[in-house]
Amino acid sequence: MDFQVIFNNFRFLILQGFFGFGTFAGGTLRLALPAIVLGFILGTFIGLARLARSRWIHWPARIYVEFFRGVPLVMVIFWFWFIIPALTGKSLPEYAVALTAFVIFEAAYLAEIVRAGIQSVPRGQIEAATATGLSRAQLMRHVVLPQALRNMIPALVTQFIVLLKDTSLASIIGYVDLTKAAQIVNNREIRPFELYLFIALIYWLCSYSMSRYTRRWENRLSPSPS
Amino acid sequence: ETTLEKIDKSGTLIIGTRTGSPPFAYVNKNNEWVGFSIDLVEKAILPVLNKKLNKQIKLEKKESAPQTRIPLLQSNAVDLIAETMTDTQSRRDNVDFSLTFFVTGAQFLVKKGGAIKGIQTIAGKRIAAQQGSTNAKIIRERVPSAKLLEFPDQPAAFQALAQGQVQAYTNDGIQLAGLKAKAPKPDDWAGVGEFFSYEPYGIAMRKNDSDFRQAVNVGLMDALASNLYFEIYDKWFGPKGEVPYPLLPETKRFLQMQVVPK
Amino acid sequence: MIEFRKVNKWFGSLHVLEDIDLTIEAGKVVVVCGPSGSGKSTLIRCINRLETIQSGDIIVDGSSLSDAKLDTVKLRTEVGMVFQSFNLYPHMTVLRNITLAPVKVKHVSPAEAEKIAAVLLERVGIPDKSQAYPANLSGGQQQRVAIARALAMKPKIMLFDEPTSALDPEMINEVLEVMTDLARDGMTMVVVTHEMGFARRVAHRIVFMDQGRIVEANEPEKFFAAPESARAQQFLSKILSH
Amino acid sequence: MNYQLNWSILWSGQTGGWLLNGLLTTLEISSLAWLLALTLGNVAGALRTAPIPPFRWLASAYVEFFRNVPLLVWMFFWYFGMPPLLPQALQDWLLDHGAEFWAGVCALGVYHGARFSEVIRSGIQSIPKTQFEAAHSTGLTVWQTYRLIIVPIALRLIIPPATNETLNLIKNSSVALTIGVAELTFQTRQIETYTAKAFEALAAGTVVYLVLCLAISTLMAVVERRVAIPGMIAQGNASEF
Amino acid sequence: MIEFRKVNKWFGSLHVLEDIDLTIEAGKVVVVCGPSGSGKSTLIRCINRLETIQSGDIIVDGSSLSDAKLDTVKLRTEVGMVFQSFNLYPHMTVLRNITLAPVKVKHVSPAEAEKIAAVLLERVGIPDKSQAYPANLSGGQQQRVAIARALAMKPKIMLFDEPTSALDPEMINEVLEVMTDLARDGMTMVVVTHEMGFARRVAHRIVFMDQGRIVEANEPEKFFAAPESARAQQFLSKILSH
């Protein structure tokens, strides 16, 4: 093993691959962070739609979720890469395509997390809020969602960790994330063991520190030592 | 809208190329996207377009993978594909190709002194190939008893060879030469066998756009007729190049014979 | 104040309320009792429209609940409700639990709402807990906060659905005392409970339900001395004997 | 887009056969990996709730280590890193019997086992602690309690999240193409190579995955209803409120 | 039969049992009462080793629980336990709930176990429910099945931890009756409960706990007539008044 390859390419791997500063469209974090935030917003709407009484609202939401759960993400990215230009007549930059595809795909998974989170809030909370005259929107905003959010945190973090690794699927459209950066270097210098060990370490550090950190965060969010 | 009109309007030529096919198209140690195929476009074809459209055309690169390169062309996302794409008849059903700009053929990379000497000796052996390559297709047809393992990238296939998971790795001769040159111990490896396939590399373009194709071909012909092509060749494949790979006299003659009179 | 007129309600094929007729006058306390599943909760939940009825009508403070133009929010500000399981918002302090609805629904200023909350916490006997979170309170304290929360909307009617049955025996009294005070102050109350001591002391009328019907409605003295129906007799003997 | 769609390439020539082979390989590798993942997940998930600290640590270490490293890396590990540690005879045998397939099964199974264990752990933790105590107080041992009471209940509770994980496993099985396993995605690329019809090939791949996943989630929904504990787990659509 | 000798137990820094000394003779019924958190549950859970103690010793049927060689499984077959929350196995029929432990732990043949189960279901008054699932039974029925399940191991001692406090008032009696019968038949019982009527009728001794200590242990007549300690007086006044 010769870790010289890591030192020589450290900037490319970390700055370009992980953070996304560089000449290529890329960056694991630059894609994963906005994708989870926007995906969560979209997912919240879809998750709420799945709980709606009207079948005209909950069925489309359900179909959306089932559809994207059944299709590999790489295929979704591929289709967006070619369908957006076909529809709009303009080709979008890689980053925009990757982000759109991720947001739309992740929203399906996040919608399920949101739904489960909301359903974990006891019914009595909704009744109590309703009985004091809060509107549906008010009770969602002030009573249900804050509690649901806390219940969702572990699942959200897990999903974010998955997403962090899945950004590599965007390399099919030339997006240079950490994995792709390692592959580019590998193609040039043929050092698979060193490179893969290095990226494994980076991913592991991210995921592990994050799940550690959220455990503390969770405790902070819950007002009681329950 | 023809491709020339599109380029005229946008002022850019967008090409689809690779980040991991040294020395044709790859990212070098300085993180620049370079290579033989890219140089050809930049130095031979771009000047023709500049002259023809009477303005400075910019060059923009996008990554193309085997699964995306034809859709990229057809959705107008890129204007040409310049990498290591072999010109084949079935591909010609969907895209047009320029003149051949590089010629190679499939061979085998083996551990020095290995049992495999060429395609006649691979029956029953485990052979690695690159996914989606024409070589794998030929082996499957010519030696069905060989056990074929296809890897998506060169390093994985090479790793399989180095660890003895396969007894040989087949790819275009030039790719094997590049691989051998960069391998930790180049002398442990040998490229063996006659070319068992013919791999003419071409630049792919959208079908039925002969004006644009003419511009590309003129660029290539000019480069071949002047000494430009051979300078570029020397830069990448000469003794001091990224992958030393001497140009065979017959190949040189073939390339030059593609040049038609003005 | 509250009037049920031939009210019927079904859950699917289950007939949970059958021809309910009942009038509750302003300032009166009515205790509803009966076996489990007899429809007590459903009955009182109809009053603030947590459940909708399928036939008949309910008149609350002069307005008919079957009126399509009825303002549900206004109805609910006039009718407070307390649940068996407290249902405090666990992520808010006691103070915010109490001020949320006045501020959001009645648009009372936060400062004003906090003043009201302080008075109410004083009244339910826990003036010092306004910054605590529900999980750090005992069950009895939580239920008293829930009562304060309902009172913060200045309702004309209070509904209680088994307010003490999730409490440890020692804490039952502290909640019943708050309720007794409320009744003394002239609040109109409908209380589902099995605390027969409370019913005897405080109620003006006792309604006994079975299988979706009101089997008997009587003054407490008469009800406890000699229930008219056999079902009520049997029920009373069971819950009073242990 | 000036693209001539030609769907007939999907059934003319060998392409149909390839798709079918790819589907079969995907099913084979996924189902073997699924069995492995479920076994590991059950054991690790149960151990993580066990009252014996060293067991908990061991199981946590397994989960944290395996699920936080990309699957791609595990594929390389099992294919390139593992065999040299095996006896020569076994290595040779493996090489002649699809080493890449077995490496893929291990990588997928062990990786998803770590993720399954999280699902199972949360299933077990949603069973009230008093349920364990009731079993213990009749003299059932820890092992019997898990086997007869806790795991059977947890398995029913976790059907929805486990279905999700199963679909993820199937979709992730395409990563095995990096070590040369000729599964479904591999075959759609193969079709592209031979016919240069990328859209048709990928559309075929997308549809096959979609049908496969929908079939599985429908099947699991039926199973969920079949094994539902009478009167306990909400039957049908309990989602509305 | 059961003897606590200077038993101490901590949960972390919380001293939940403090110098407990208590002797319970065979065939006697002891009722444990006291405010919430006083350590009642912990006390009886120590008897079948659901909790371990940190100092002192407990002797159950002649064997010391601090003995490292003690067979916990054997101990637990001799001590049955019934919980507040029933804890029936929801995925098994009533019959399997009852026969599971005899078959798996005592290796009784299934046929034999089913015979015993039938007798026990008869005894707790629900002979016809053997094929039902727990979720389809009322709370009172579930608790009676739980008692049958514990009895199926033919224990010498039965522990009850608030067996009626999760029940609807109407169902409390049916469970208390089963327990009363059991006491009449001479079972040694330790019962945590707030049902003072039951305590008065059935108990041979009442143990009152507060903050981890046994404050008072007395015969029921004396305890109810005039509790010695002020804390017990106050407690009794609270739970008897409503």
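To keep things simple, chains are lettered A, B, C, D and E as they appear, and every chain counts its residues starting from 1.
The working rule: contacts are C-beta pairs under 8 Å (C-beta built on N, C-alpha and C of every residue); 3 or more make two chains touch, one makes a residue touch a chain.
Since the structure is predicted, the reported quantities are computational estimates derived from the model, not experimental observations.
Where touching is counted per the definition, chain D and chain E have no chain in common.
The minimum number of touch steps linking chain A to chain E comes to 2. Look at the CA centroids: the one farthest from the centroid of chain A belongs to E. Remark: chain B and chain C have CA centroids separated by 81 Å (rounded to whole angstrom).
Annotation: 37 Å between the Cα-based centres of chain A and chain B. Centre-to-centre separation between chain A and chain C, using Cα means, comes to 45 Å.
Here the CA centre of chain C is 51 Å from the CA centre of chain D. Touching of two or more other chains is recorded for residues 67-68, 71, 75-76, 153, 156, 159 of chain B. Looking at chain C, no residue sits in touch with two or more other chains. The multi-chain contact residues of chain A, meaning those touching 2 or more other chains, are 78, 82, 85-86, 192. You'll find the chains touch as A-B, A-C, A-D, B-D, C-E, D-E. The touching residues of chain E, counted against chain C in their complex, run 35-36, 138, 164, 168-173, 176, 194-195, 197-198, 235, 238-239, 241-242.
Put simply, chain A touches chain C in their complex at residues 122, 124-125, 127-135, 138, 142-143, 146-147, 150, 221-226.
On the side of chain A, the complex with chain B involves touching residues 8-9, 11-12, 16, 22-24, 78, 81-82, 85-86, 91, 94, 171-174, 176, 180, 183-190, 192. Across the complex, chain D meets chain E through its residues 128, 130-131, 133-141, 144, 148-149, 152-153, 156, 229-232.
By the touch rule above, chain C contacts chain A in their complex via residues 48, 50, 73-74, 76-77, 79-81, 83, 85, 87-91, 93, 100-101, 104-106, 133-136, 146, 149-150, 153.
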